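Notes to accompany the following structure.
The chains carry the letters A, B, C and D, assigned in the order they are written, with residues numbered from 1 in each.
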């Protein structure tokens, strides 16, 4: 038969032929329990940890001297820290969307990729959660944002979008952790039962909490998991809407945008799918998961990325259109300065990287070309950081008060914090790779069983 | 994907030695133990955080401060009946009540107890012109701007905040001076108000003739709704 | 003991019957009792060492004998109670702990007096305010005088006698001086020389006179680098005698300012600013006919030029030509001068003569004598004398031409004719014209004694340096621009010892233990003879801060004939390619003496908004021609030598000339001012003090970063600063009003008690920055340093936005707009704070609670006016400043918190407490914000909006009143009154 | 030995292991027809139909979660209302004390948080987790229940000897083995 029809069939399959439930179980748990730690892991982890140390250094110096070590100035009082925060929390959405949203839609391709995505989410959220705290002028008082009874008889100011954000990120951290862990319970049980080394049996035994796989357990489990999924899906949308409100809640021209909540959700989704792709593409080879993470998965993720990019591009258009449509003088000033001014290179970079580059994915052969796809995803991830940077800095540098117009120039510490946070993420993720099954075994068993029952697809 | 045969296929169950579970029955008890301990710890912590600020250790209320000269308000105020303003001269006109200069002590002690051992530091101070260094009893943070004169003018008695000074051999803190404590009164001053003439009175008791707190508030023109403004104390 | 008691009673007795504030203007009544001074001083043991160690504010207050520690200024949280409280041993009579008192004195500027009230807390000066009774202040203060308090507490002040730059003993110095006396007496003091700056002190004059009797041959030299020789010379040309000119701008309808400094730095400029502003505001207040019209012609922009209705930029030579032409137009000079007069001149001449008797021409000190002579002639022709100007005997004691005087000294020193040189408070080694090479000559003087508050360039090269008592630490007297005398009284015991010039001179006069108080008092006892109870007069003088009726009597000076023949020939045209360098004082550092004051270094210069640097100022067009951008470092070559300086394009600067601000580039100076900027004095020549023709600029290719505080000065949106011509205003009085949102989604809050608000009149503002400086002092605003300003992190709560209208090269007009927190009723900043660190109080103040702030900085991002400032670092702690120099009424902010204008809430609160104690409402004018108080132009008014008769309500009732960015429905409490211009219809818009 | 599976009944019983879930389902159906009531199924993943056959339906969790949600909404809003209106009423930017629209986002988030936490705790409760030890774990071959086998636990009925019956119902072979669990 012809090559094209071959790919047709390849693309049709979420699991390669001949893959059995037991085989998957055996292989995936083998990665954690038996396989010698491969060289690539050590190298990758080494690099990641190096960056992580850089992060500690940057934050350490920050705590000693104050936020003045960053490039933030007057009137641009927010800089990288906030940009980084939005960036990380945006990428985190990828995991939640895939494992929660597409659980609700019962998409069969989700099963094999959900674990990688969720793990990614957990560590992205960690990075995101740190940023708003270290960006505080007096970070050691961050707990004042908690509503707790105190001798000052004071309360947080609940009207502030920043406070909504504080609550949202808190809930999101808790949510994605729980969702991740609950999803892991049956797999921990499997590991417990397959493990031969004593420490492994105890370690995973503890994590499994004594999961038995009784019909009672399964019934409650599916109930809870469905519930969490149904909760996480709106939650992820809400947090990005609230992040959007952090800006829309302010009246700085360029921030005061009604469209920001969806705008930020789309942006989050785009970067989320991109980062999942960036992880899935290398991992399916490195972990020999080609049997269960097929071209179908790659293709679907690529299509999702394309869709998200289209949605976001629409927002970009509105963003340009609205000021001129409204004829709001100051908003026009901001927009024109973005289009032509000091930050124009950044602005156009964002347009190209997030709006144009993903358009390549209309063409199927390009979608299936993994290296290229990886590059596109990389572009998007970078582009999304730039987008946040432009939003934070670009608007402030053309604020209402012309006499205070100024520019933001990042310092070495800004870059160190950014790079360091990447290190924080990778360090966590590499550790997860070593100790956590990267494919949800029970879901694949379920899936394969259904497939047999249904005969093929 | 490696071939399925690498899966450890269990042979017939019969005869296969059972792989016993990881944990022994005690594990469950241990788990419960750990969980309950954690819970208890959490509760204790929260409780502690809740109660500690109100302990005298934290507030120092009622803890007498050692002083270079064991000055006794009990003796001078309770006993001799000196008026507060004899020493704390600026209390009615200034933010600060004012500590008496050595000079003030000596107005009497140049005549009586002229060579009492206890008073040596005082005579020393006057002779050498070096101030006596008292240990502070009531202290507020730098960012709090308290003003004595207005409180006195509005019928808040010394004892209301400083406690039964006339019963203090060595002076101690009369109240926590916490923000919440300040607010309690700033939000509802009525119960703490006295007629002007009773402000410096150590053992004043309201009588039937005493106007009510509300009447006093009216006569003093006190508007509680403005008294919990942050700018009242923080500048 | 009883002795002390009696003493105290005596004093109380003496003071009985005097009331309130005035009581405390007379420290001297107490001071006359030496015992009292002792008592006062005994309370501050070991202050100097304290200053050395960087002690915390808390510890210091204890040592200051601060029972006001109890005020809650100091304190601590739980657990930390082992803190000490230290009462006085003997309370200085009448002192009330925690209550500020105001003591009158004066601070000199260029030798002339500015009357101040020193705010004292616990017997220590914490702030300077203007003395409303003093003619040169009228209650206002300029930044330089305000910084005097910082100067007093400057940790880099000299603390010991130096010999050849090394610490030495006072006795050694005294011995050296006294040993010379016989020799001096022998030859009549031929080798004895005295060098001072401009001196107006009657006492010093008296002392010198006395010395001259003792040493007939001694000489007294004067050198003021930023001096007014040209005015003196001009007067000599015109009248044949030196006179000082006092302006009466309140009577001036039409004014011509020839690069005039009557708003910048002229003696009396605060007084002039008030008179001027009052007439400018007239139109807005419904008296359009009173509004004055100001023409300005200048090379280097001045504040007067910025306020002019018609401003003409011209090269120095063009200016002189124009003035001659004007003189001719007005019949005060030969018709021949009329040639090459600019087109607009005729119109100006007509306008001037039209308002004869109400017209006034004034020229600045940088103009050549000829111009000043002509100005006198023109004023005469306009009937100005006796109306808009009055002439008085020079205020300077025994006036001389400083240039000649200094030259004489240097020549004699070089020739070895000087064996004893006393330099009192001057720094000639730094400020003297380069061609004199003062330093070399100085080396030839066997005994040179320098008296100065800080070790400077001169101190290092003199044989002896003697620490000088600060003006707030010593007895002296000063005269103001109009001759009014103020007796300076010490506000504190000299922090680091220190001598007053009077005391040092007394040593020469043979006194062994000179006492400044006695010396100054002697002068006045003598002068008060026969005027009634001398003691009484003395006390009144101290209490009021002026000697009543001591202003100089006006005198009639008549023009000498044939002025035109006696004038020096007009300078050759310097146009066409070659450049002229103009030497001008830096507006804040003047001749460099204030270089170590952080407030002044960081205070933005008018127009350029530059801080921490001087720059070569050049017209954009000229810069274009030479291919120069801002911050390019150029090498400036001239016959007088070469100089490297960074370039700053300055809109409105005259073409073909560049301005070199001097006063920077100090080499021997404290930590703050060390090696900041370039030293323009190095090119200054005695014969070319103010302009140096024929200089060349060479681009070096290097750049030097300049810290400006405003980066965008062309008006894009006419909304923020609103202005119109007088005619336009007549046609449409409501031009400043815009449609504003009447509706709000939120139910309005009621502010029943007071509703504090502010009105700022752009019509009055002259852009002098006094408000910014006053605010910095009152509110403990930290200095952040150049690096931080480069990052735009300056902390000023109120800033002067400078705007140009028209094209950048030659703007039609310059507008100043003081910008500070608007205290919006719907404050956007408050809503976004997650910890409620900023909110409204019952009077509608937008309150900022530092100790609650966690530093999210969202409020700053959300403030449309960008008036919030953030402590990116621990600026207050890093600020090199003595703890006791902070204002105890205001929290010192820590790292990581936001801060902003509070409407001086501390003053409001103190007034409220005072009022509540008496169960009465706060009176209008009882609360003055620091900026309002300092403003010479009365541009800022503050008060209660609930009271329809309050000054602020009346201001806001003006048709010119408008709010900034009100379309955002912020409902600002601070509003502005639009600027009006009064152009001459005969002159078409430039 | 007496096997006490997670279902709680303490009885002796037998474990039947199946390679294939369908076989297990068939067997389970037969057992139910024969009137075996005390049964429990263990497996590596959920199998449709088991619950019906065992006659189990879950009500607890959904109810708990709905309650939690309500608690979260009410509590979350009241917390904010308390802080802004009752606790320390402040004039914040001229906004009303009870600016409920501004309280909505946090209210939603707090509700979500309550659901997440209470939901998880409730889950642990109904599943009786954590429960590290359970006799069932010691049953021979039980480790397969989390990998590749489906086990049916059949409680021994008092007074019957089901040995032969079970042999008949669950014939050896085709991946079915009966495991006597001795007393």
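A few remarks follow.
By our rule, a residue touches a chain if its C-beta (ideal position, glycine included) is under 8 Å from a C-beta of that chain, and two chains touch if they have at least 3 such contacts.
These figures come from a predicted structure and were not determined experimentally.
Across B-C and C-D, the chain pair carrying more C-beta contacts is B-C.
Distance between chain A and chain B, defined via averaged C-alpha coordinates, is recorded as 48 Å.
Taking each chain's centre as the mean of its C-alpha atoms, chain C lies 82 Å from chain D. Centre-to-centre spacing of chain A and chain C amounts to 58 Å, using the average Cα coordinate of each chain. Of all residues in chain C, those that touch two or more other chains are 828, 831, 833, 836, 839, 841, 852.
In chain A, the residues that touch at least two other chains are 22, 25, 153-157, 159, 163, 192-194, 205, 210.
Residue positions of chain D with contacts to 2 or more other chains are 88, 90, 92, 95, 130-134, 136-137, 143-144, 148.
Arrangement of the chains shown, judged by which pairs touch: all-to-all, with no pair of chains left without contact. Chain A makes touch with chain B in their complex at residues 16, 18-20, 22-23, 25-27, 30, 149-154, 192-194, 201-202, 205, 210, 288-292. Residue ranges of chain C in contact with chain A, taken from their complex: 710-713, 715-717, 720, 788, 791-794, 799, 801, 803, 817, 819, 828, 831-836, 852-858, 860-862, 864-866, 869-874, 894-898, 965, 968. Chain C makes touch with chain D in their complex at residues 744, 746-749, 824-831, 833, 836, 839-841, 971. Interface residues of chain B facing chain A in the complex, by the touch rule stated above, are 1-4, 6-9, 19, 22-23, 50, 53, 176, 178-180, 183. On chain D, the positions that touch chain C within their shared complex are 88, 90-96.
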